[in-house]
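These are the structures, in structure tokens.
Look for chain A in each of the two complexes below; its partner is chain B in the first and chain C in the second.
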Partner chain A sequence: MCTFARNLEQGIFKLFIMTLNTLRAVLFLVFSVAFTNLGFASQDNEDQDKGFNATEMIMHHVKDAHEFHIVDWDNKPISIALPIILFTDNGLTTFMSSEFHHDDSGTHIVEKNGERFVKYHEKIYQLAPGVNSLTFDEELHPNNATTPLDFSITKNVFMMWVTVILLFIIFISAARKYSKSNNNIPRGVASYVEPLIVFIRDEVAIPMIGEKKYKKYMPFLLTVFFFIWINNIFGLIPILNGANVSGNIAFTLSLALFTFFIVMFSGNKNYWKHIFWMPGVPVPMKIFLMPIEIIGMFVKPFSLTIRLFANITAGHIIILSLMSLIFTFQSVAIAPVSVGFSLFILIIEIVVVAIQAYIFTVLSALYIGMATAEDDHH
Partner chain B sequence: MDLITPGLGLVFWSLITFFILLVVLKKFAWKPILGAVDERESGIKNALEAADKARKEMENLKADNERILNEARAEREAMLKDARDIKTKMVSDAKEEAQEQATKIIAQAQEAIEHEKRSAMAELKNHVASLSIEIAEKVVRQELGNKDRQLELVESMLSDAKLN
Partner chain C sequence: MTITGIAALGAGMAVIGAAIGIGKIGESAMNAMARQPEIQGKLQTSALILAAFVEAVALFGVVAAIIVK
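Here is the complex of A and B:
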């Protein structure tokens, strides 16, 4: 009786969490679609009167870019040129982003090996032969150009690598401190990172995965935690123009894919049995639960993707919106309010970025723990 | 829609970057750090256990010492008691012997005295006898002269002899 009750309880809890996550995801999708549509819809009017367009500015900052734009000085943008790597029908084409001359409206054409490219809203299009400017269909998609596979080292990739280098420096030097001291006493940077590492081990890995198996997954959990955290922190630094790495869905999706595949490959017999033929419930229930569990399998990494992306992006959008107020009202009087609120949100964000990194790690560990749990209640 | 459409390029680079990060950090950071932390923790655990063991041993030792001390104390007590007993016994024995000896000596002395007395008596008797004979001789001699004188003589003789 007891085990059945527990099963039921767990099932209900799982269902509840799943529903909640799905609901969140759906709501977010609806809102972001509305938001972006709004942006595009208002495009035409705004372009005409050349006023300040908050949506455009915010989207520009939140999205990835092909060059690292730092500041506009004397009406000339100062930016770091990044390599553009494209796969077209004719193969690989590479050039530096500076060849677009900071143009993002699809007017400046870069010609390479007889192929002509334009950049429009941070997307690179390959113009059809004989066409000199983009034309758009009613859904605002260019209809006379193709999109080549874009593997460019974008702003986000660049910042990601900066993070990687920073992580290497921090943790490899921390590891060195241990090998230097003869009795494993943490010194220097090691004494700062060790509490965090021990925290991940004692508060995340061991409770979620269990004393027996946690060791195998520690490298993944630690890497994911610090990678997300440092990326989140970099996203908050304004001079880096808020390179919104962890607020980019491609990035969060990639990390969630890692969790997904680790769960898939470490799932034991017990886990798969719980997905395809739930033990301890009547047969009709088993058949009913199977699709739910299979959907759950994919919803878990999906929720990881959306949660991190939405939380970080939302933080950026809020801060940028508050700053936009100054330009929308075209008044300095509003500046103290904007700056004050931004500061307030920024301080909250400092907490949020750590929490989001932690949540991603905890949930990854939880999913791994569910996949590797021993059959203990039958 | 751009915002929520994952770009292929960034997915590709994220996957590769994260994979490299994972592999490198695993080899050069997490392994040594976690190893060192584990080693230290097990070292601390061992040290604590050793200390606990040492403390227990110490307690045992202390208990042993206490026991030995108690035993020694009891032994000393017993020895002292024995010694006291022996002393008492010796003293009493000696006393007894002395008493005996004294009794014996006294008895001997008494015997000797008796003996002396007896011999003295005998001598006295002999002396008295010879004196009596002398007196008798003198009396007899006097009798021959005067009866009254004889009596007088006897009487004086007797008064002389009384002294001894």
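Here is the complex of A and C:
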């Protein structure tokens, strides 16, 4: 009786251990599959031997790239090659990024028209004649190579074009739906985009710019809103390797410059008077306010640039750092925590990407409204 | 303390400031909405815009920290 009980006890205990082991195996399987799908797991496994460097991995994913890296399979990277377009002293040179054979350390030399190129940290260098490898100065910049003008179709440019094509498809088909119907009732795609367009018109353009002038600026505001929004959403999709388009400072700066030039060219007499000779204050104050207002003119597009860039990049960095916690601690036990948290952050990001697109649009409209406001309160 | 450590500390301090700012904006927006529910939409828009302005300052700090590193 006693032995029976003991056996039973042991049996239950064994069963319990077995279940636990299976559970752990299943969990591990689920997470490893999840990581492989996210596209950076195997690279991290490879790095584990020489110590996992989270900063390097994060920066690699946040930065622009010359190829579309999808996943590592058996330690071999699988990626889509993108064209490289260089403008050197001898003119145009083009080749595909696959010719570098995924090398990013500056060791694989590609020879074209007697010019030799290497790729080092996602930057293409042209080797000086007679040199076979890069040498570096104290700040780790190559000092025996020049950087040719690089007009390559990079990952970000490619994703930007995908967004542009998507916008064309959505809005041209929506417009066609309206021109076909005879009572202007939205159908199909149009019924999805109409609320958003009406929202931008009624909540952004009319309150900020005013009933009289808003129509002229609607195309710009709508384009900016949808372009940023869709680029942001693409940045969140892991299998596209999170092409960080709107987290690229060149991209956000270009958009902010559009706003800046529109404000410059649509500014009326009243706006310029407020900048250079503020009405309604004493003369010393006018002189004091002039430089402040001029600086303010340039700070506005600058803050637009930094806001979008930093918000989107910060989102990417947070998710990637949470993921790299697993590889830093080298334990599966931390996986549920980090996956849970990154899921939470991803859900927040879905809201943030829409809000950032909205904020950019609202602030652009606000600046345009300030530039075109009529002088009626003096 | 290394320069990276100081940069990280600075970014953290900028975030504290922004957190207080956004907290106050949220507090007053909620207060105002409770007092006057009929202008809720307007309040929400301006609260978001103000939050964006406050947040920009913290992001400047974060960007500075990234550049220093």
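Please note the rule applied: the second predicted complex is superposed on the first by the 329 of 378 C-alpha atoms of A that agree within 3 Å, B and C clash if a C-alpha of one lies under 4 Å from a C-alpha of the other, contacts with A are read in each partner's own complex, and residues count from 1 in each chain.
The rule we apply is simple: contacts are C-beta pairs under 8 Å (C-beta built on N, C-alpha and C of every residue); 3 or more make two chains touch, one makes a residue touch a chain.
All figures in this text were calculated on a predicted structure; none of them were measured in a lab.
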item: Touching partner for A:Ile165 - first (chain B), second (chain C), both, neither; value: neither
item: Which superposed partner A:Leu257 touches (first chain B, second chain C, both, neither); value: first
item: Which of chain B and chain C A:Val71 touches, first, second, both or neither; value: neither
item: Contacts of A:Glu203 with chain B and chain C, given as first, second, both or neither; value: second
item: Which of chain B and chain C A:Phe151 touches, first, second, both or neither; value: first
item: If touched residues of chain A are counted for chain B and for chain C, the larger one; value: B
item: Which superposed partner A:Ile355 touches (first chain B, second chain C, both, neither); value: second
item: Shared chain A surface residues [contacts with chain B and with chain C]; value: 309
item: Touching residues (chain side chain A, partner chain C) in the complex; value: 203, 207, 303, 306-307, 309-311, 314, 355, 358-359, 362-363, 366
item: Touching residues on chain C, where the partner in the complex is chain A; value: 41, 45, 48-49, 52, 55-56, 59-60, 62-63
item: Complex contacts: residues of chain B adjacent to chain A; value: 1-15, 17-18, 20-22, 24-26, 28-34, 36-37, 39-40, 43
item: Chain A to chain B touching residues, read off their complex; value: 29, 32-33, 35-36, 59, 62-64, 85, 121-123, 149-154, 156-157, 160-161, 164, 167-168, 171-172, 174-175, 178-179, 183-186, 190, 193-194, 197-198, 201, 215, 218-220, 222-223, 227, 248-251, 253-255, 257-258, 309, 313
